[in-house]
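Look for chain A in each of the two complexes below; its partner is chain B in the first and chain C in the second.
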Partner chain A sequence: MAKLTGAETVVFSKPVSITATASTVGTKEGDGPLGKLFDRVLTDNMAGEETWEAAESAIVKDDLSILFEKSGVRPDFIIGGDLQNQCCGTNYGVKDIKIPTFGIFDACASFGEALALAAIMIDSGAAENVAAEVSSHFCSAERQFRFPLELGNQRPQTSTYTVTGAGAAMVSSADRPPYITAFTAGKITDYGVNDANNMGAAMAPAAAECISSHLRDTVRDAAYYDLIVTGDLGYVGKELLLQLLKKEGIDIADNHIDCGIEIFDKASQDTHSGGSGCACSAAVFAAMLYKRLRNGELKRILFVPTGALMSPTSIQEGKNILGTAYAVAVENEVIKWNI
Partner chain B sequence: MAKLTGAETVVFSKPVSITATASTVGTKEGDGPLGKLFDRVLTDNMAGEETWEAAESAIVKDDLSILFEKSGVRPDFIIGGDLQNQCCGTNYGVKDIKIPTFGIFDACASFGEALALAAIMIDSGAAENVAAEVSSHFCSAERQFRFPLELGNQRPQTSTYTVTGAGAAMVSSADRPPYITAFTAGKITDYGVNDANNMGAAMAPAAAECISSHLRDTVRDAAYYDLIVTGDLGYVGKELLLQLLKKEGIDIADNHIDCGIEIFDKASQDTHSGGSGCACSAAVFAAMLYKRLRNGELKRILFVPTGALMSPTSIQEGKNILGTAYAVAVENEVIKWNI
Partner chain C sequence: MNSESYDEMVKKASPDSPLLKDCIRAFAVGGLICVIGQMLTNFALNYGLDEKSAATFTSVTLIVAASLLTGMGLYSKIGKFAGAGSVVPITGFSNSVTSPAVEFKKEGYILGLGSKIFIIAGPVILYGVLTSVIVGMVYYFAGR
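Take a look at the complex of A and B:
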């Protein structure tokens, strides 16, 4: 049975396993430092489709089929989301799969939300296997949130580069490491940032608040975790996160990495502050973090997908960009929580 | 503990209560047949804000405060969604409330998804109180999905009228009727409908499939329920639903109502096929159905919010409109499921 600990943290004392992951990425991500780790690298980011939006849905469908094959199960439910208006990347991607799907939206933090909800479903007995799945596509995101790609706009150094791809995890009642042992659901924060080319600044305070709440609620030190992994803060947001946490007496300089920094090579790939998009943290989790947990190189990580909540309309209307984050503890042992 | 029964249905054998509801609607809904039942009727659909989108967020915030007051609790989590791109109605509505929020999207079926997820959270022990909350606004929806209101376009007779308002329910571990006893999560269906002014046709097959699965999985007759209540099929979709179910040998002509038909007066309000939008089913549930369950007039209902999944982009790209539905059983007794 799950238990709410502190204000925002839910802990699981029975096994909630991640039995498999799947990752599919675009050409640029395939050329990056993690290129060899992904299950599938596209040779063409159109994925055989006629539109960017349809390409993203094709990626979702393919990535889920990889997940079903690797896990050997067809899940009871899918929990999925993406950045396209009305979650169309997900909906058109899953429509032929005929598995009940819970649509979610938490921008680039969606994979964290999906893992958290999947874990609760497993814990409650509502399902034996749940697929958590998210996607993003550079081209569908750029034209929706910023400018038509054809304009060839210059992008400021604070901007991040939306990852093309999908990441998925099979969350299961099977007793096999690694396990989701806890999650902390962040509150939506508004720190007055309104520059759509500086998502890192909007998300860093939300990540700091979520990590800090998680450590307090679980009575753990930051050093407990082999790695604390944020989603897509990028170089700009990482700097802010470390500063904000330091003010609270929390030092994660030695065990913090950011998926947006890991996925691209700063020197050669011209991605400025780093990678972003729902698929950024999800694909890095699926391809790199999960494997390192499985082979024992990592024993416990705090995985913190981060999201910037806004729409083109909200930006036009002068609203601030809101930040959110989910911290998900993934460990190689089931924890008998006593808090 | 929850249990997955059949392919898509989850049943709850312990109390998952709805302890309070809240509804806020706009002026037109206030003038409709249910006008007197809503907790709050706006005198101005701008709700004191400068944009329609901000008005929707203000409605969300107010409706949640009514819910917190009526239930006497501040929930552990909020699960919420709306029709605005990137769920901005919800996100800007909850940002000052400082409660962790799970963003969802299933178009006008979102309230069904929210109730289902909230019930699982309560069942698992992850929370003691969860607020399920959704909203929609005629003006923000029209300009986003169809045409600028200033154009004064004529609307076809198959079209529905997006409800301005919000509906919310406090789902709780308290043992007090009515209870959520089961839900069936619909699969996303594609029946080839691509007319954005005929949502009823896109959703009716999804509703039929979901209701049929629910009855099969729970081994219940349609007549078991005092009412089977769909979300926003309207007159056009209702007709299709009854026909589709009849083909499967299921007759719900005597105990079916549709929230989209209930909320407006066809003769005088010029709303064509009826009401729609996330708030349609949610506000009707909160204002009418919940009260009739509480006073014993209804003992068990199957509440089936329906959703049409699409975006302006997907329509422009010639994709079909997908349908989805969630069937949530709400009854005045806890059921000891033996299936």
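Take a look at the complex of A and C:
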């Protein structure tokens, strides 16, 4: 049974398996360093639709159908999220699939939340299979949060580039590695950051607090994990995370990577601080991390999707950008927790 | 950690924009746009237009050209390269009106394009007009 351990961590002693993953990305992501690993790379970011928002929903629908095919099951529930107002990207994407759906929002940390909630459903016996799915689209995010696409301006060096795509995982009661063995739910942090072009800075403290709580609650050392993988901190956020953790005596410099840094090639793709968006961590998990866990190259990872919480209104009204993160432990063996 | 000391950390970790490179590019492209403008003016004067009409011809031509380039998806590329060099001239103003028009057309001609076309240029128009009124009044009462 799932058990609350320490202040914020839930551990699973029963197998909660991830039996398949699916990733779909846009053209720029397909040209990036991980291009060959994704299940599907779009040839046109409009995905044959009339609007960017509809394109995102089409990507969601496609990615879920890839997931169902690869896992060989239709899940009992879908838990999904995106960046559009009122989860429209997800809702329009799943409407024809006719599977009960939980729409969630935790900005770019949504995939972590979806995995955590799916794991609880599997562990409790509420479901046999749950699809965790998130999406983002560069153009729909730009339109909602920033400027019109064709406005001729320059992006600051601290800005990140929203990933176009979707990532999904089938969380299942089937006993097959890798397993979700624990998760630590993030607390909302406010460190006074109000620059919407520096999301990495807004999210780094949330990631630091979440990782540090996870290690304390599980009585684990940072070196226990082959990799600690944050979602979309980018180059600026990564440096801040390492510094913040160092102040607490935790050194993850050797085993930390960030999905936002992995997905684009900074030099040739002009993406400044890196990639961001819900799909950034989800697509990298589905395409790269899951495969490396399956082939045994990685045995245990701490996957930490990070989110910057704000709305166009909160930014206009001068409010700070809040941060959140979920740390999900994914390991190749079931842990008999005794803490 | 309080937000002031975190702010210090953020400042140190955040790379600055390459100021010198940006300035050189802005100077070159901004200058080039002005040169094109001057060529248009001279062209109009040679064809017998008076100075006022030549200036109008130049503005209108630059505005239309920037608007076309925006629609073709080229002005954003110029803007990314040149920064202020392509924002400050009249072509930048044209781009700031055309780009929301392109973006919000999908939300309809009235509530989409119609209401959002000045989303970027609106403040310039509003405060530009207000400033003109104030300067005009100062000129009227004090300048004569």
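Just so we're on the same page, the second predicted complex is superposed on the first by the 339 of 339 C-alpha atoms of A that agree within 3 Å, B and C clash if a C-alpha of one lies under 4 Å from a C-alpha of the other, contacts with A are read in each partner's own complex, and residues count from 1 in each chain.
Everything below uses one rule, namely that a contact is a pair of C-beta atoms (placed from the backbone, for glycine too) under 8 Å apart; a residue touches a chain by one contact, two chains touch by 3 or more.
The structure displayed is predicted, hence computed values, not measured ones.
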For A:Lys246, is the partner it touches chain B (first), chain C (second), both, or none of the two (neither)? neither
Specify the partner with more touching residues on chain A, choosing between chain B and chain C. B
Looking at A:Met1 after the superposition, I want to know if it touches chain B, chain C, both of them or none. Which is it: first, second, both, neither? first
In the overlay, answer first, second, both or neither for which of chain B and chain C A:Thr51 touches. both
If you stack the two complexes on chain A, which partner ends up touching A:Gly192: first (chain B), second (chain C), both, or neither? second
In the overlay, answer first, second, both or neither for which of chain B and chain C A:Pro148 touches. second
Which partner does A:Thr101 contact after superposing on A: first (chain B), second (chain C), both, neither? first
Touch test for A:Arg176: chain B only (first), chain C only (second), both, or neither? neither
Is A:Pro205 contacted by the first partner chain B, the second partner chain C, both or neither? second
Using the superposition on chain A as set up above, list the residues of chain A that contact both chain B and chain C. 51, 190
Interface with chain A, chain B side, in the complex: residues 1-4, 7-8, 10, 51, 53-54, 76-77, 81, 83-88, 91-92, 94-96, 98-107, 113, 116-117, 120-121, 123-128, 144, 185-190, 309-314, 317, 319, 322, 324
Counting only contacts in the complex, chain C reaches chain A at residues 1, 3-4, 6-7, 9-10, 13-17, 22, 70-71, 73, 75-80, 82-83, 86-87, 92, 95-96, 98-100, 102-104, 106, 119-120
Per the touch rule, the chain A residues reaching chain C in their complex are 50-51, 143, 147-158, 190-193, 198, 201, 205, 236, 239-240, 243-244, 247
